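Several structures are given next for inspection.
The two complexes that follow have chain A in common; it is paired with chain B in the first and with chain C in the second.
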Partner chain A sequence: MSTRWYPIYQRGNPQLRVFLPNFWMKLVKNEGKQQSNKVTFHCSMEMTKHDIKNYLEKIYNVPVAEVRTRIAMGRFRKDIGQGYVVKDDDVKFAYVTLPKDMKFEFPNIFEKKKGDSDDDMKSLDEAKKSFKNYIERNKDRSDVPSWFSI
Partner chain B sequence: MYLMRVHRTFPKSRNLIHKRYAQVLQSDESEYTDTPEYPPILDLSLHARKKRERETVHKKIQEINTVEEKQIALNMPRYYGWRCVILNEDKVPYNALPLVQHYTRTCLKNLEKFPDIYLQTSSIADVVVQEIKSSIEESIAIENEGVEYNIVTNVDKPEKQQIENFKTRNIVKQINRIISNNLTDKVSHILSSQVDYDPRHEAFWFIGGVDVPNNVVNWRRKYKWLRDRAYEPLDRPVQYLGSPLLTIRNHLPLKPIVPYSEAENPEFNVPIFTYVPETVGYYSNFRHGTNIPGYWPGDFDEYGLLSYHGRGHILDRSESYGQEDNLEALHCQAIKSSFGWLLAQANYQGFTTFNDLTYPLVTQTVITNGHLISFYVYQLNTIAMHNDVLESNPKHNICFGTKPLALYDSIEDGKVKGLNEDVLKMLVQFYLNAPEEREHDMKPFLGKEEQVIADIEDDNRRCWLESRYKNIVANLPRHKLLPEIYLWEKIYKIKFNTRFFEAKRKPFEYDINPFKRRLDEHLPPYIPKVLRPYPRSRKKFETTYYPKV
Partner chain C sequence: MNFSLFRNVLKNVAAITYKSNNTFNVRGVTQVTKNIHITCKHYDLMEFFDEKKNWNETNIRVGRAWKLDELRIKSNTDLHKLWYVLLKERNMLYTMEHECNEKVRLFPNPERIDKVQESMDNIETVIKERNIAYYKLETGETGERPVEDVVNLLGLSEKYQKQEYHLPKFMNSRWVRSYFEHGYINSFAVKKFYRLYREKLHNEERKARNRDFNHVQQLLKRFPDMDMEKLKAEYPNVDIEKAKRSKKARGHFMPKY
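Showing the complex of A and B:
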């Protein structure tokens, strides 16, 4: 990452070279059902289609057949507490098509391992039990705070 | 008498009461029969009622007499036009073949040699090729090196594409001239055929069995009664737009390549492609559905024989698509353009996307850039693909196609080197494929006397329909701006009701969707008082003659 501001290239501008520009791409799930060679990204606003293609091909060695981009307007919402209407930031979407023989499956990052849910239930039961014990112990002095003990 | 003056409706309501008594008295014995006759038991579920409603509309369209009225009837539900998926002839996104095949229900077969019906013309073709060979060589050489054109391009399409198509158009004109001049005294149908340059080909149909777009699902989820029907399938209107370089048409249709019964053969099954077309790269646009095969209804030569298309759009495709996808893009172009042209022709025979073809139609398509030529033969078997017939209609369309073949090797010193006679022979065979009279009724869904609006005797009705039809198919921009919701209205009026004290003016404030307006929901032209018939006429507005569907 550089501290250099990456200017949006307009036709006719001088072609600047910025090493390690502030480019990022975030893999997101496809909207609705799509073919298995389609991948959706959020990316930094300055990236053009060519940038996206080079980013994927040169850094990650992902072959790219086609890139389409769109800028989605951020959501409007009422500011909590203030009541003003505020707007979230816009997001640049990149719809990347891989070659047709390739397949992409969105990774399941938060995969539950076997036995995870049992452990969770066990600790929950223990917490419940200790809370019950605490109530039982202090039932004669209900208005005394919990830290007031020997 | 005093009672009569109470309210002006009173005398009417008195009549009503009288009538009711009269009805009771009229009952007689004739309403009884020996065996009880029950009305048919109908499924009264919402789904079934809606389906019956649609079927009556399809039936009504079928019963309309003239071609143009049928076309207006297709557009009746939408004042601002259908939101069509636009299939342009020369815009093929990456990996579009599955979508195109599904949207046209076309089975694509690679062609090693021509189907059997071309065999009988083989010997004549050999003779013709020898006769025209030198002229073809000469004209190709002149067009490529002998003439320098000043090509004017516009910004609508990529420059490379326009330049290549311009050059191709000239070569195609020359080749067509040479072949048809040679064949006029050998076969009869060439002389009687018409040649069109740059005709306008448009076709409109509904496609079922595709995913519901996301915005529709989200909209349906907002309403309680629609929530469990969020994924109910819907028909998507599709519009094909194309312009061949040159077409030849005749008053007789071509012979079918395979028997009509073969259309149901499961061997020709088409892969199903349900994904939303926007994900492939096609977009949609509001426009009236139009079916135009390059001439107006009522033209004598109404069956296409052959069409030439340019392949300039291949030059503008990204290199990352690869050669294989470029070949598929040519197949896509051929399928789209052949289907589009035949569908428009079928519409002029009185069939629509709701009333299926009863016989096959055939066309031949050539895609070329003057050097590479690919040949396609297309047989249209079915045009009904909407959701109601999706499962019950087993028919498929069939397209036979070749790879691009080189007509010659190179041009050196103003001479064509290595002219491929086999390719030229194939092209000549397309010309030699003679159309034939069919034994069945070609226009079963059109009227006996009135088939086009020009046959209508009533002057007012004919003139009105003529101008309305031309206006609809022109798809000109509207005089008044389309209804629009500004962004500030969306934020401060729709999302957050911060301006509740303001007067309501716009359609969205009254829960009206202007895009659901029907074509006839407008005030007809006003008749000024001086122009109304003498002595007194209360008719303020002119009559409209919209088809009743």
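Showing the complex of A and C:
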């Protein structure tokens, strides 16, 4: 919507349509053990259950059996160092049930692949290489300080 | 809204600018058509995650955001499709960012989110421009949400964006009550607030005045041969003659004026 507010719905009006929704959803891991057709999302605070259902069905083409939502209040904590109280943002959880025959397993994103060298070693190699390059570039002007060149 | 259109999103639209370099290699102009990326091959919950080969990457290079001028030459349909591409991309990035935070990893290239957001903002700007142009042509008004200057409950003037209410204004006796003679707007609390607020504004103004005056004095002390006209133009509220006469403006030398 180029104007981001809903007109009030009066009986008999045409159905409200959103052409450019700015809702966001993010898929998060289930808390604890769950059935394989349950998926947890965080979503925009203003989304209703119907919105969530339509969003998944129309945009992602994922059939949805049921949606439950709750709003979790953000934690109050003391700022480290300053000591004043900070409140984290509230989060809207959406617990979506897929149809019985569908399964979703949260992928293990940071699984190590075989033959993958360690990240630390990689960065160390890169640092070594860049230092070598730097020495190579400044061979003929050893008296110039390091911060001088671009 | 026909969502099945998104299956062949952007086939004819110029190559998606926002696409990871790993998948999109433009080597020459002739090859562009070959390497066009068609989004949404699969509809799945896995669309919330990045491509599998990017999962363990520490550096994911992407292009720039869509610019306004590029979006202005696109049709409404294309913009509509692109919006959903970007929306999905943003959801994906949010999901990955959240997962990275959970696993205490660094989220690679977080500026991707900003780029997507910028593109979306630009699309919205373009749509708004078109909407305004259409409304001006058809009705003579912008079609934007009307804004009005009102006095709010604290007695301060405020820009109020009009909105729809179930109850008309003249029937809303509860709302109008606070604007009556003995209503909230004339209460002791509001008056006290307004007094203190004005005091605050006054103090700010006074401090600014003193600061400028002192600064001009110091300037006169350090640069007695300064261009006075320029000084006057820079600090129009300061009485320069008075500043010259003051003790602070005198340097450690014989006065020239």
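Note that in this section the second predicted complex is superposed on the first by the 99 of 150 C-alpha atoms of A that agree within 3 Å, B and C clash if a C-alpha of one lies under 4 Å from a C-alpha of the other, contacts with A are read in each partner's own complex, and residues count from 1 in each chain.
Convention: contacts are C-beta pairs under 8 Å (C-beta built on N, C-alpha and C of every residue); 3 or more make two chains touch, one makes a residue touch a chain.
These numbers come from a predicted model, not from an experiment.
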Touched partner set for A:V39, first chain B, second chain C, both or neither: second
Contacts of A:D125 with chain B and chain C, given as first, second, both or neither: neither
Touched chain A residues, chain B compared with chain C: C
Touching partner for A:A65 - first (chain B), second (chain C), both, neither: first
Residues of chain B touching chain A in the complex: 93-95, 211, 213-214, 217, 274-276, 279-281, 318, 320-322, 325, 491-492, 495-496, 498
Residues of chain A touching chain C in the complex: 2-3, 5, 7-8, 17, 19-22, 24-29, 39, 42, 58-62, 104, 107, 109-113, 116, 119, 122
Parts of chain A lying in touch with chain B, wherever the complex brings them together: 31-35, 37-38, 53, 64-66, 68, 76, 78, 85, 95, 97, 99-100
Contacting residues of chain C [partner chain A, same complex]: 1, 3, 6, 43-49, 55-56, 58, 80, 83-84, 87-88, 90-91, 94-96, 98-99, 102-103, 105, 120, 123-124, 127-128, 131, 144-145, 163-166
